[in-house]
Every structure is written in C-alpha cells, then in structure tokens.
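Each chain carries a letter (A, B, C and D) given by its place in the written order, and its residues are counted from 1.
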Amino acid sequence: MSLILFLVIAGIEAEAYDTPNDDGSSITTTWTTDTKFESFEILRSENPEEGFEKIYEVNKKTSRYIDSQVQGGVQYYYKIKGQSADIELLSEAVGPVKAMAQIFNTGRSNIAICIFILFFAIIYYITRARRGEKLFIRKIPGISAIEEAIGRATEMGKPVLYVPGIMDIDEPETIASMSILGRIAEKTAEYGTPLYVPTSKAMVMSMAQQVVKESAIKVGRPDWFNADNIRYLTDDQFGYVSAVDGIMVREKPATNFYLGKFYAESLILAETGFSTGAIQIAGTALPDQLPFFVAACDYTLLGEELYAASAYLSQEPTQLGSLKGQDFGKLIFVIVVVIGVLTRLLGTEFFYNLFNTMP
Amino acid sequence: MNILDRLVKFDRRILFVFVALAVIIPLLIPIGLPVDITRPVKHVYDRVESLPEGSIVVVSVDYDPGSEAELYPATEAFLEHCFRKNLRVYMMGLWPAGPKLGNMALEQIAPKYNKEYGVDYINIGYRPGGPVMLVSLGRNVADLVRTDYAGTPIDSLPLGRAVKSARDMDLVMTLSAGDPGVLHWIIYFSARYGTPIATATTAIMAPQQYPYLSSRQLIGLLGGLKGAAEYETLVERKARAVAGMDSQSIVHLLLVAFIILGNMVLLYQRRKK
Amino acid sequence: MSVNVGVWIASLLTLAIYSFLYKDNPFYKIAENIFVGVSAGYWAVILWFDFTWPNLFEPLIRQGNFIYLIPIIVGLMMFAPLIHKISWLIRIPLTFTMGVAMSLVILQRIQGEIFPQLQATFLPLSGVSPAQLISNLLIIVGVITTLIYFYFSKAHKGILGVGAKLGIWFMMIAFGASFGYTVMARISLLIGRVYFLLHNWLGLI
Amino acid sequence: MKRTLPIVIVFACGFFMIIAFFIPLRGFQDVSQTLQNWYIGVIAFFVFIGIFNLVKVNVDKIQRRLRDWQYNVILLIFLAIMMIAGFVGRPGGGVFLYLFENFHIPLGATMFSLLAFFVASAAFRAFRARTPEATLLLIAAVLVMIGRVPIGYYIWHGFPDLVEWIMTVPNTAAKRGILFGADLGLISMALRVLLGIERSYMGGGKE
C-alpha cells in the first residue's frame, strides 16, 4: 500500500537562496510540487543532517517564504514539509545558504536610470534658460482669448474682474496666477479699464497690489492704479464666494477671469458670472474643478496650460527651463509607449519587463 | 416676454425647492429601484471572500464629517463583511476625524458578531505625516504605533503585537476622501511593499482611480454612495446607501432635464439672433 | 420626533447652514464659525493624544530617550518668528521636511506611478477579441494624444495639431465623467443630511 | 548661515534619501527611516502652529473691532471649549465625543451638501453646449449621471456597461495622460526644491 502511495505522490522541489537586494537580513525559500497539499511547513537547521525545526507554516496557495529571522554570516539548511489529511512529505534539505547584504539594489536600477534622465533634462534646460537663451514655447490659445476679452470690456465701458483663486501665495497656481495678472493689468491699464481683484488671503492682496501697480507704471499709467480695487474680502470659502457674487451682481463686469487654485466654489462663481452675461475665462491645475469651468466658461486653460501661460507671459528662466525639461519627459514617455506596444506586438516581453518595480 | 426667457430669469431659489423635493419625497415614499452591481465593486467583494479566516485587513478611515454621507455607509458595509468572514480588522486613519468615525461603525458592527477588542479588531487612531508616514509604517510599525486610540499600549493587545510591518497586512481598505488617501496608499505603500489595496472613495475621486484599476495597482473600487449601495446589496445589509438610491436617481433625472432645458434656451436664443 | 438634545442641536445647526441658500445671514455665519473652532480644537486634541504625546514626549520624559529631543526642538523652531532675532530658524523645519518629502515624491512618483502606468499602457494588440482590440487601441491613442496636447515646445500644426485635437476630445469625455460623478457626490451629501433630518430628528422614516 | 544652512539641509536630506533608496545596507535604511520618523514628529508642530495662528488672527480681528468681529469671538469660544473638553476630559471623554458627534459631524457634513443646490441651478442656467468640446463633455456627463444610478439600469440594462466602458477606456486614457504630465511637473518642482532653486516655500522670498 505504502509503495503505491509513494509512486503517486510527486516530491517537493525546494530551493533556498539569499534574498536579493536586501540588507542581509533574510533568506528566501521557494518550492514546487504537483501534489495537492493542505499546508506547508518550513523547517530550518544549521546542520544538513539533523536538527531541523519548524519555523513557519503557510497555506496551500503559498509557494514562497522569506525567512527574516536569520543571523548574518551563518549557514542555514532548509526543508519543506507538505501536509494534507492523510500524507506528509518532506523535501530534500537545501543549502547551505548565507544571508548577505547587497550594496546596490539592482531591482531598482530602472528607477535610477529614469531619475537620472529626468534630472538631467530639467537641469539642462534650466541652465540654458538662465544663460539667457531664448527657449521656444508655443503661444497658448488662451492668451489671445484673454486679450480679446479685455478689449470687449473696454468697448462696453465696463470693468474687468480677476479672481486669483482661494489659496495663499505659496501655492504654485497662485504664483502662476500672479504672472498672468501682471499681463492683464498692463492691458487694462493701457485701455483705462477698471480692474477688480478681490482676494481670499491677505498676502495675496498685497502681492496683487504690487503686481498691478508695477504693470500700471510699466505702461505709463500710474494714475490708473487704484489700490481700493484690489481688496481682501475674507478667508472663508463660501463667505468669499458670496462676496464675489455680490461684486458681479453690483458692478456687472463684462469680463471675469478665474485663474488660480479653486475648489468647490468654482461652480458658484462660474454660474453667477454666466447669469450676469460676462465673458468668462478660467484656468486651474486641479482636474476636479475643470469640468465645471469648461461647461460654464467661454475659455478654459486646462491644467498645465495655466503654468505654460504663466511661463510664456513672464519669460522667467526657471519656469521656462522647467517647462522645457518636462516637455522632454513627455516626449520620452510617448516614445516609450510606442516602443512598448510594438515590442509586445512582436511577441517579446523584454521591454515590458524593464518597467517592473516589484521583485 | 417669452416663456423660455422668463425661465432663465427667475430666481434660482425656486430651483432649490425642486431639488429639495426630489430628495425628500423618494426618501418618504421609496420606489425600491434595484441596485446593479459594477465590476470594480464586485472585485473588492470577491477579494474579501477569498481571504482565509484570521487574515489581517487594514481599514484606513481617511475621511472626515464632510464626506460622512458618502463613505460612512461603505465603512459599515465593509466591516460587516470582514467580521462575517472572521477577518481581523486593523483600523487607523490618515485624517484626524477618521478613526472616531470608524469607531462609531465598529461599535455598531463588532458586537453583532461577538468580536473582541484587541483580538479581532483594533483601532490605532489618527496617524499624522501622510505619505512619509506610510513609507515608514510599512517597514516598521513599532516605530510609529505605541498606543491605540484610547491610549492602551499597543504591546498589551494581541492584534497590536501581530502587525509588525507591511508583510503582516493581507489587504488594505482605504475609505478615502482626498489627500492624504488612496493615491498615497498606492504609490507610497503598495508600490514599496506590495500590499494589495482596495478603496472606497467619494464620487468626486472615483473617475481618477480608473488608471490604477487598469494597472491593477488597485484591486477594486467603491465609488461614492452608489458604490456603497452596491456593497450593501452584495453583503445583504441594505441600509442608508440603498435607501438613498431612489432619491439619487430622481435628482439625477431632474438635473439632466435641467441641462437639456437650459440648452434648449440656448438654441432658441441663437435662432432668435 | 427626537427627544435627544444632541440630535436637536445637530438638526438646528444643519438648518442654519442651509439658510445660506436663502442668502448669507448671521445664522449661517455663526454655524460656520462654530465649525472652524470645533474642528481646529478637535485636530489639536487628537493629534496630541494619538501621536505627539505617546510618540514624542512620553518616550522622552518617561524613558529618558533623548534622541526625541531632535524632532521636538526642530518642530519648536516653527515658533521662531515670534522672536524677531531668531525668526530665520523657521527655515530649518521647513527645509528639513521639504527635503524628506520631496525626495520621496521623486522616488514614489516614479516607482508607484510612472512605471506601473507606462507598463499598463503597453497593451496587447494581438491575441485579443476585436472589441478589446479597439478599446486597447483607444487607450494607447488617448494617452499619447493627451500628452501631445500638453506638449508646449512645438506649435500645434499638422500631425501634432490633429493629435492635440484628439487629445482634447479624450479629455472632454474624461471631464464629462468627472462632472457626472461630482454631481453625484454633491447630491449624496444632501441625501445624507436629509436622511438625518427625516430619520434621526423627525423620525419620519 | 541664515542663507546657506537651510539650503544645505534640504539638499543633504533630499539626496541622502534618494541614494538610500538604492542601497539596501542596514545603516542607510535605518538612517532614512529615522529621518522619516523625525519628519512626522516635526510635521505635528505645523498643526500646532496653524492653530496658534488661527487664534492670533482672530484675537487681532476682535481687538481691532474689524467687521463681523463678533463671529470671531464665537469661533474662539468653541475652540476653547473643544480643547478643554479634550485635554481635561480626554478624547475618549463624554463631553469631547458629544461635541464631536453633535457639532462637528453635522456642520462638516452639511457644508458641502449646499453644493447640491448650486449644481442644480448651474445645470439649468450655465452648463451650455457652446462649443463641440463642451457638447462632448455634457453628453458624457449626462450618460454617466443616468447610467451610474439605479434608474439608468431600469431604463436600459446596457447602461451600466456603457458607462463602465467610458470610465475604463476614454476616461482612463485621458486621466493617465494628465497624470503623466502632472507627475513630471511634480518631479521637476521637487528637484528645484532640493537644489535650492525654488525657495518660495521658505516664505515670500524675503531674506
């Protein structure tokens, strides 16, 4: 009887090796078998012949165990015991294995290469821009829309409203918004059109005042600048919205700009502005709020376009250089996707596997 | 004045009344529309079903009262499923108010299945530090967790001792309303330690999760109150989320009607020009 | 109708917020300021008891583990601007936290997002059903054209122009989906509150 | 010192963390773990300074009798009540939980539900299919709004699958493209911070 049993039961093939890319604290054991066991026990000894003790038990779905209760430099031997209701089977002892620390995690070399390429591209373009080179950025269609909208307000003899979002000046969107505000202030000052900038943060107000004043001086209309038009209303989200709504209803601006960081208030602003019949131009980086702006405004700067517009208008080297560096990254991504799809179509998984991040 | 012109001009507060009625009436007089099950929800359910008894599920309550209406029903339904399957629940929160809300759900569900605190479930409270904390937590839990939410030393609780690192976590369920949340669990935790992540998010965040579903970085997704209603249906525990689905349906119909009507006005105005 | 005072308070506060729908008014403002006060207080208490005391001060004071002085001192430098002479010290906690957080941003965005997402875009175009083939092709084209739309180094003319236009369409569908879901979210929140008022307060359902 | 030390700190911490990511040696891992744990400790003080500033701003408004200063008094009173309830009575204590359940939860939960009403009026008055792009957006939105709730399934059994297709194909594609762009933006910002080029977070660019 036992002889027959022995013939049907396939053995357990075990393997043990130093866990790659770790700090020398573990040994990995793996095993394969054709027999259906209920569970497996992992046994360990420092001697190939005797002294094997159970160190862990795993369920039938598992075929790998990482033993992290080992001492560096000690040689270990492993056995795997398969168990089910009526049979128990032990594998041959495998070993000796020693846990060793690695100096470089080779499983992460792909990430290292990626970091290297991106860093290089960004630093390279920033350096070029800082050296005073003219880097080309295409004109964002939104910018001509901005100019037209100001022109329309002037024709109608009505003011322009500029909402710089509800966040403080440490927010990248708010900073971008201030560069664009500078350009808008230049245009409105040239035409002599009033420009209202209600803000939700005191710091944003003082920065906006400074920006608008500089623009007015730049186009030779310092008399046009009126500090009272750039006011801090309140920090509170909905309180701010209802106050801005009030301005829209009272002053009936012909053009509303919403450029900066917006949250739930985007919807209420865009709706009130729409109902007063203003031309509305919006832009924000947060994808959550973009749909409402697209649906209720005449023109919307989508996501990164806000930063691109700011870089285009300010021609500030760091902004321009970063944008070009990121563009280089996008180009690489497109190429990588094309190669990835083609290589898989040709039946090789080699390129695909280069992007594995898990051991 | 044309009737369409008048429609656009009237006070928006009249529209507000419409919305209120569309929510209230179906709650008072339920229609009982059947809830269809979507794949991402089914995947979460199936994964919980396949876990062996005693597996440790991290339930991270990453929302606050602002999203309670959407995520609390999902919290209860998910916990019910875990306890029914005799899984062990390790609760925490990346948002300060999360663990308190999670505790309310635990107090509802755990007694029903005679679960014992410290053995079958535990609540380690608010964990500040967002993404950086997650990287640290995955490597060594003891570095960060000294006590549970009530101040009991973590070593005095069996389940507290059982979880030493990400290796001891069989599944992470994050009930997520924003930042920090599911994104950080995926890219700061799962990407490093390989722990599978499932999530229930607010509806606003749900479309954003589909790239991760497609890359299998997420096992499944309960999107908004509808996702919770689906889960309630799957675990046969119809409660607040299912009850809300009639109102949800009616208001959606109302809004679609508003959009269509509003655009007819636009067409009409254009033709007049 | 409920006889629980807490439920009454909760219900009246709920109605106070809804009074904003009529117009901005004192009840709304009171409710809102209560909210800011309560939530800030809540945060401070929970942070102290769940983290700061057991993880920083307790090991320092009870176990005399002086290594914990480092994060405490660096953290306290956040208050440096109160004393004019040493106000620059605030830069130490700011730069330290930025250094740690930003390095992890770089590593994890690549390991956890860029690589897996690129890999997930290498979709098979052979050996799949025709319907799947179309879907896979659409995803590949959608990802590439969206990237083209956000490519600012070349004017959008010719093939790039066509790509960018396609990218816009993909984005508009995606935004439409987000739009629908966001609407759903807002309504769910309202349902939650109305359910509370009808169930817990008035006891009608 | 005032200029250089902060730049050295951000550079050293940042690049050490990046290098340690690739070196599995115990020493490197332990140091980066310690830096992370200190980070969490320091971040906790950011919250305390935030609350301190909240008090300062409000006291200031009250002292200067700015418009609506009475509301700031209410804010401070409730902040104080909450803190006393928590620190004296412990966060597990009855008063603290009572305030949380009957003040914090209903107020937080109601605030954003206001938006449901504004969505409705915007749907009627502002969401217009003015351009082909906006039309596409609105069509997708309407499909999702109907197909994602039980009434959609009731109207047509294929609705949920259609919406799931929109979500898994065009939505996934565009969101992924946007995500790549955003990641590059973030990485480039992070690198500028580590190199000390970007310093606006240190406070307004003043020395």
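Everything that follows uses one rule, which is that contacts are C-beta pairs under 8 Å (C-beta built on N, C-alpha and C of every residue); 3 or more make two chains touch, one makes a residue touch a chain.
Just so we're clear, the structure is a prediction, and the values are computed from it rather than from any experiment.
K.L.:
Between subunit B and subunit C, how many steps is the shortest route if every step has to go to a touching chain?
P.N.:
1
K.L.:
Which chain pair shares more contacting C-beta pairs: B-D, or A-C?
P.N.:
B-D is joined by more C-beta pairs in contact.
K.L.:
Can you work out the whole-Å distance between the CA centroids of subunit B and subunit D?
P.N.:
Measuring from centre to centre gives 17 Å for this pair.
K.L.:
Taking the mean of the C-alpha atoms as each chain's centre, how many Å separate subunit A from subunit D?
P.N.:
From the centre of subunit A to the centre of subunit D is 14 Å.
K.L.:
Could you state the distance in Å from the CA-based centre of subunit A to that of subunit B?
P.N.:
Roughly 22 Å, centre to centre.
K.L.:
Which subunit B residues sit where two or more other chains touch them?
P.N.:
16, 19-20, 23, 64, 66, 68-69, 97, 100, 128, 132, 135, 144, 149, 151, 191, 204, 207-208, 211, 214, 223, 226, 248, 251-252, 255
K.L.:
Going by the contact rule already set, what residues in subunit A reach two or more other chains?
P.N.:
Residues 108, 111, 115, 238, 287-288, 291-292, 294-295, 303-304, 330, 333, 357 of subunit A each touch two or more of the other chains.
K.L.:
Listing for subunit C: what residues touch at least two other chains?
P.N.:
Counting only residues that touch two or more other chains, subunit C contributes 20-21, 29, 32, 36, 39, 42-43, 46-47, 49-51, 55, 100-101, 104, 106-107, 109-114, 116-117, 119-121, 139-140, 143-144, 147, 149-150, 171-172, 174-179, 181-184, 187, 189-190, 192-193.
K.L.:
Testing understanding: with touching defined as stated, what is the shape of the graph linking the protein chains, line, ring, star, complete or other?
P.N.:
If you draw each chain as a dot and join those that touch, every dot ends up joined to every other.
K.L.:
Would you tell me which residues of subunit B are touching subunit D in their complex?
P.N.:
Touching subunit D: residues 8, 12, 15-16, 18-20, 23, 33-36, 38-39, 64-66, 68-69, 97, 100-101, 128-130, 132-133, 135-136, 139-140, 143-144, 149-151, 207-208, 210-211, 213-214, 223, 226, 229, 245-246, 248-256, 258-263, 266 of subunit B.
K.L.:
Quick one: which bits of subunit D touch subunit A in the complex? Just the residue numbers, please.
P.N.:
Within the complex, subunit D contacts subunit A at residues 18, 21-26, 29, 111-112, 114-115, 118-119, 121-122, 125-128, 130, 133-134, 137-138, 141, 175, 178, 180-182, 184-185, 187-189, 191-192, 195, 197-198, 200-201, 204.
K.L.:
Using the touch definition up top, name the residues of subunit C that touch subunit B in the complex.
P.N.:
So the residues of subunit C in touch with subunit B come to 21-22, 39, 42-43, 46-47, 49-51, 54-55, 58-59, 100-101, 104, 108-109, 111-113, 116-117, 119-120, 139, 174, 177-178, 181-185, 187-195, 198, 204-205.
K.L.:
Within the complex, which stretch of subunit C touches subunit D?
P.N.:
Per the stated touch rule, the residues are 6-7, 9-11, 13-14, 17-18, 20-21, 29-52, 55-56, 68, 70-72, 74-76, 78-79, 88, 90-107, 109-110, 113-114, 117, 120-121, 135, 138-147, 149-150, 167-177, 179-184, 186-187, 189-190, 192-193, 196.
K.L.:
Please give the residue numbers of subunit A that touch subunit D in the complex, ascending.
P.N.:
21-25, 101-105, 108-109, 111-112, 115, 118-119, 122-123, 126, 169-170, 172, 175, 203, 238, 264, 267-268, 270-271, 274-275, 285, 287, 291-292, 294-296, 298, 303-304, 307, 318, 322, 325-326, 329-330, 333
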